[in-house]
Amino acid sequence: MGGSVDGTLAHNEFVTKQLHTDPAWKGFRLMSRSLRYLLAIVALAVIALGAAQTRINVISFSQGFAFPDLFGSSGTEKSDRLLAFEKENNIVVNMEWGDESAVRQKVLTDLISGTGRYDVILLGTDGAVQTYGYAGFLEPLNAYLESGDFDAWFDLEDIYPSIIEANTVEGNVYGMSYYAFGPGMVYRTDIFDRYDVEVPTTMVEFEAAMAKLKAGLAADGISDVYPLTMRAGPGEEPSLDVTGFVYAYAGYPAWFEGGAATVEDIKANKAQPDFTGAFRPGFEAFVRLAREYGPPGIATHTWVDMMNLYSQGKAVVLFPSAINAYAGIGSTELAEVRDNSAFAAVPVGPSGKQVQSFWSFSFGINAASRNKDDAMKVLALLTGHDALQAFADMTVWPAAPYASVMRSDTLINRYGEEEVLLNEEAMRDSETHYFPYIPELADFMFQIGTATSQAVSTGDVTRALADLQKWAVETMTAAGYYR
Amino acid sequence: MRRLSNWLLGGFISVYALFVLVPIVWLAIGSLKTRFQSLRSPPTLIFQPTFEAFQKVLAGGVGHVFGNSVTIAGINVMLALLLGIPAAYALSRMRRPARKNLAFWVLSIRLAPAFGLVIPLYAFIRGIGLIDTLGAVVVAHMTITLPLAIWLMMSYFDDLPVDIEEAAIIDGASRLGVLWWVIIPLSGPMIVAVALLVFVFSWNEFLFAFILTSSEAQTVPALIASLAGTMNFDWPLMSAISVTALLPAFIVILFAQRAITEGLTMGAVK
Amino acid sequence: MVSFARRSARFPGVFLAPAIITLAAIVLFPTAYLLYLSFRHWVVTRPEKYFSGLANYGLVLGSSTFWHSAATTAVFVAASCLVTLVLGLALAVALNRRFRGRGVIRALVVLPLLIPPVVAGFTWRFLLNREIGMLGSWILPSLGLNASMLADPNLAMVSIVIADVWSRTSFMFLILIAALQSIDMSLYEAARIDGASSRQEFTFITLPLLVPAIIVGLIFRAIEAVNVFDLIYVMTQGGPGTATQTLSLYGWRVAFTSFDIGRGAAIAVVMVIFAIIGTTLLSRRVLR
């Protein structure tokens, strides 16, 4: 209860004043006075203890899952390595955990109020990096990385260029990745064999494969296994995947006329949103696949639901955010899922480009932080080579931003060299900017995802896209792009 | 006629009891499963129970979070009653025009939606330096519990006949005396109900408690939400915490039931 | 009566002052700040912040999404209030009579109140889940309901109403039973002597005397329902699409996803104004 000292003091002060006049409350006043003294003593002690070290506040989700080598499996026990780091650098690392959307909320409140409460913050490359970067809330890391002081932690040669690119906005690197993934397709080899389905390399083949699976399952009377599991819940949930489809079907990020995908391009060409135009084919394909080959509740599914379905053996293919399948394989208790899952490169769309899906779980520094240099040290600890190796060792996910970690024994032993290299290729060769990097990105991702959910649940693609287009025009105009 | 209505009401109570119980039982069952088991499709009712979720609860040191919730809720009840009952009484017995405005103003405070108040409240609490303290959450909750208490007690006092108060005043009692010796004893059931509602609201409140605290002053709903995250949907753990939170509260309610009945007998002696 | 009125004027200030001061201190600043924000143009991603008068209000009231959310909210509030009122009343009447085990049943009825709406939301979402929920994947389909309760736009609304009713009927019940228990027994005795049936007793004695409590309960329930956030957010996130996007969720989205703080504040203020109008109409009687 140490942290509540000041508050309780002020609080007691206030209540006591109110009751000062009435003799009946003398006892209460006496009690609060001695309580006050006690608390003052405690306060002094706490202040004395805390004075020497710099306190760096970090906020993240995945308690017990992320940073196992630093905070243990409960997320609250500091490991020896962390304690050594703290001692060496005279820093106290204060880690706060929460649920993903709640953490994002807290980060936002802190950034908006400029209060600098959190020094190291969680970012995603699907909106947070771009929006906060443009708004000036994040501290560019270029100077730190180029200074050479952090070479022991980060080997810039070792990190896949696409990862750095994904975390960069207009030349400023705002985040360092803890894990990241590119697109892929994970499927059940046993079920493919059973129905004589070949691994598709184009979307046309993919749809044919889906149809064959559906027919085969129906013929066998299996009604609780679905050919495909994807996510189409409202909010920004499906957006990474849907926009990946859009890219593959149009051949470019078809959000604005002419494919303008940067702030300058859009402004220079006064490029209006194109959601009812070139955006449509990919969107429609996604919706169609979800409705025909996915489970009934797919319009509510988050990546967790998608992953669960696969790990319960109720889906044949999970794509394009294949990493979620690896999570599912890791947590499954069914041998047939664990032993018969394989990874394949994601198919190409009509344009010849692959379906995209890229995301990085990154951390950045609050521009309002009062201890940026120390925060950078903590950031290096959290996203440096050792932390990433420990994560890979624990989860056995082929999602490491470092080539050396990706090709480490842990992963090669588990999946074999071929599969690891395929995953590497997917991450390395990703077109990370398959959606526009603009300040309004977070908002667009949310809106697109909601439109997807709507279209999947009602079946009305035209209506969903019309609404989306209208909203986009309003938003871009209000943001001053077309003046 | 009476027997038929008895049967109907009895049947209705049974159905409603079932309605209440289903999610709670589901929660309890969930707390005894492993994560994988909890995600089976279709779900299993027969399975090998395990206590690993409860073990995590005990190991995770959630005692202090529960303590926070109890303290905050308790302070809220104390303050709501302490400040609210006199205010409600005054409002109830006041002359008409002044009272209408005040009463209305008191209620309208409760009307603002949470999202509207998050940023202003955060800025305010930050400004007075109370972030991540129990005081911050108490303050935030008071914006809702105090008006609630005042409003409920006020409408209850409105229906209390003034004869006894009049007699007491004529006998020379002060307003405070009337309040303490006449009104409060007559309001037993209502006071208990209000105390309960205030406690429960504070106990359950999530948004403000979450935004305004991190680790020191974290409350139970915030803790639960942090565990039921999208990244690591640990249903059994969340259920285990909810069940653990329920048990003491359920016992408190059982006692409150008796208090209500006792208050009733007191009230009958007018 | 005259002397009483003169005496009643002499209420010591300490009765009202603490409450009013507390509320003023902790509410005045945030509400004033909220109002101030609503008159400013402040979009987090854009550098310019400036006074914009009623521009935000114009945007809000002219937006079709706003009115769609308002309609969704109206449906949710009406359904939830109605059902909780009927259930709460029935429970209060039923549990007012003595019978064995009444204490336990009463405790049971109050139980959902102790469960934070966040947990209630998660639990119902889990229960109704089409793939892994006991109700959603097992019981309901076997009763013939094959659609997903949460993925179908109309059923999603039904789902959140059910969850809200489950969570909040106890509140209505508590208010009504406290009021029920303070009804003078002698009224019933007199009625029985005059030969009234139990239904007549209910219609002519119980119900009229309960009206003030019912109105208070409804007002609070309605306000609460308009502001419900955790429950809906956790169950459907406002989806599928925007089928369950109430004003509370919409305002949240505008403020924290579109980062338009000014417009979000305006939505909050508009909601308060709507609520004031609504409760004024309803409570004319009670403020007598």
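Labels A, B and C are assigned to the chains in the order they are written; within every chain, residues are numbered from 1.
Here is the rule we go by: a residue touches a chain if its C-beta (ideal position, glycine included) is under 8 Å from a C-beta of that chain, and two chains touch if they have at least 3 such contacts.
All figures in this text were calculated on a predicted structure; none of them were measured in a lab.
*Asks:* Please give the intersection of the contact partners of chain A with those of chain C.
*Replies:* Touching chain A and chain C alike, sorted by label: B.
*Asks:* Farthest from chain B in C-alpha centre terms, which chain would that be?
*Replies:* Using the mean of the C-alpha atoms as each chain's centre, the farthest one from chain B is A.
*Asks:* Between A-B and B-C, which chain pair is linked by the larger number of C-beta contacts?
*Replies:* Between B-C and A-B, contacts are more numerous in B-C.
*Asks:* Distance between chain A and chain B based on Cα centroids, please, to the nearest Å.
*Replies:* 35
*Asks:* Provide the C-alpha centroid distance between chain B and chain C, rounded to the nearest whole angstrom.
*Replies:* 14
*Asks:* Mind pulling the residue numbers of chain C that touch at least two other chains?
*Replies:* Chain C, residues with two or more chain partners: 14, 18, 131-132, 256, 261.
*Asks:* Send over the residues of chain A in touch with two or more other chains.
*Replies:* Residues 105, 112, 308-309, 312, 314 of chain A touch two or more partner chains.
*Asks:* Multi-chain contacts only, two chains or more: what residues does chain B have there?
*Replies:* 39-42, 79, 118-119, 123, 225, 228
*Asks:* Where on chain A is chain C touching in the complex?
*Replies:* Counting only chain A, the residues touching chain C are 18, 21-22, 105, 108, 111-112, 131, 134-136, 233-235, 295-300, 305, 308-309, 312, 314, 439-440, 442-443, 446, 450-451, 453-458, 464, 471, 475, 478-480.
*Asks:* Going by the contact rule at the top, pick out the chain C residues touching chain A in the complex.
*Replies:* Listed in rising order, the residues are 14, 17-18, 21, 43-47, 59, 65, 129-132, 136, 146-148, 150-153, 236-243, 253, 256-259, 261.
*Asks:* Quick check: in the complex, which residue numbers of chain B touch chain A?
*Replies:* Checking each residue of chain B against chain A gives 35-36, 39-42, 56, 59-61, 64, 67, 79, 118-119, 122-123, 126, 128-136, 138, 210-211, 214-217, 222, 225-233.
*Asks:* Along chain A, where are the residues that touch chain B in the complex?
*Replies:* Those residues of chain A that touch chain B are 1-8, 10-11, 15, 57, 61-65, 74, 76, 94, 96-102, 105-106, 109, 112-113, 115, 117, 224, 302-304, 308-309, 311-312, 314, 331-333.
*Asks:* How about chain B: which of its residues touch chain C in the complex?
*Replies:* 1-2, 5, 9-10, 12-13, 16-17, 19-24, 26-27, 30, 39-43, 45, 79, 82-84, 86-87, 89-91, 93-95, 100, 102-104, 106-121, 123-124, 139, 142-143, 146-148, 150-152, 155-156, 158-159, 162, 166, 169, 175-176, 179, 189-190, 193, 196-197, 200, 203-207, 220-221, 224-225, 228, 235, 238, 242, 245-246, 249-250, 253-254, 257-258, 260-261, 264, 267-268
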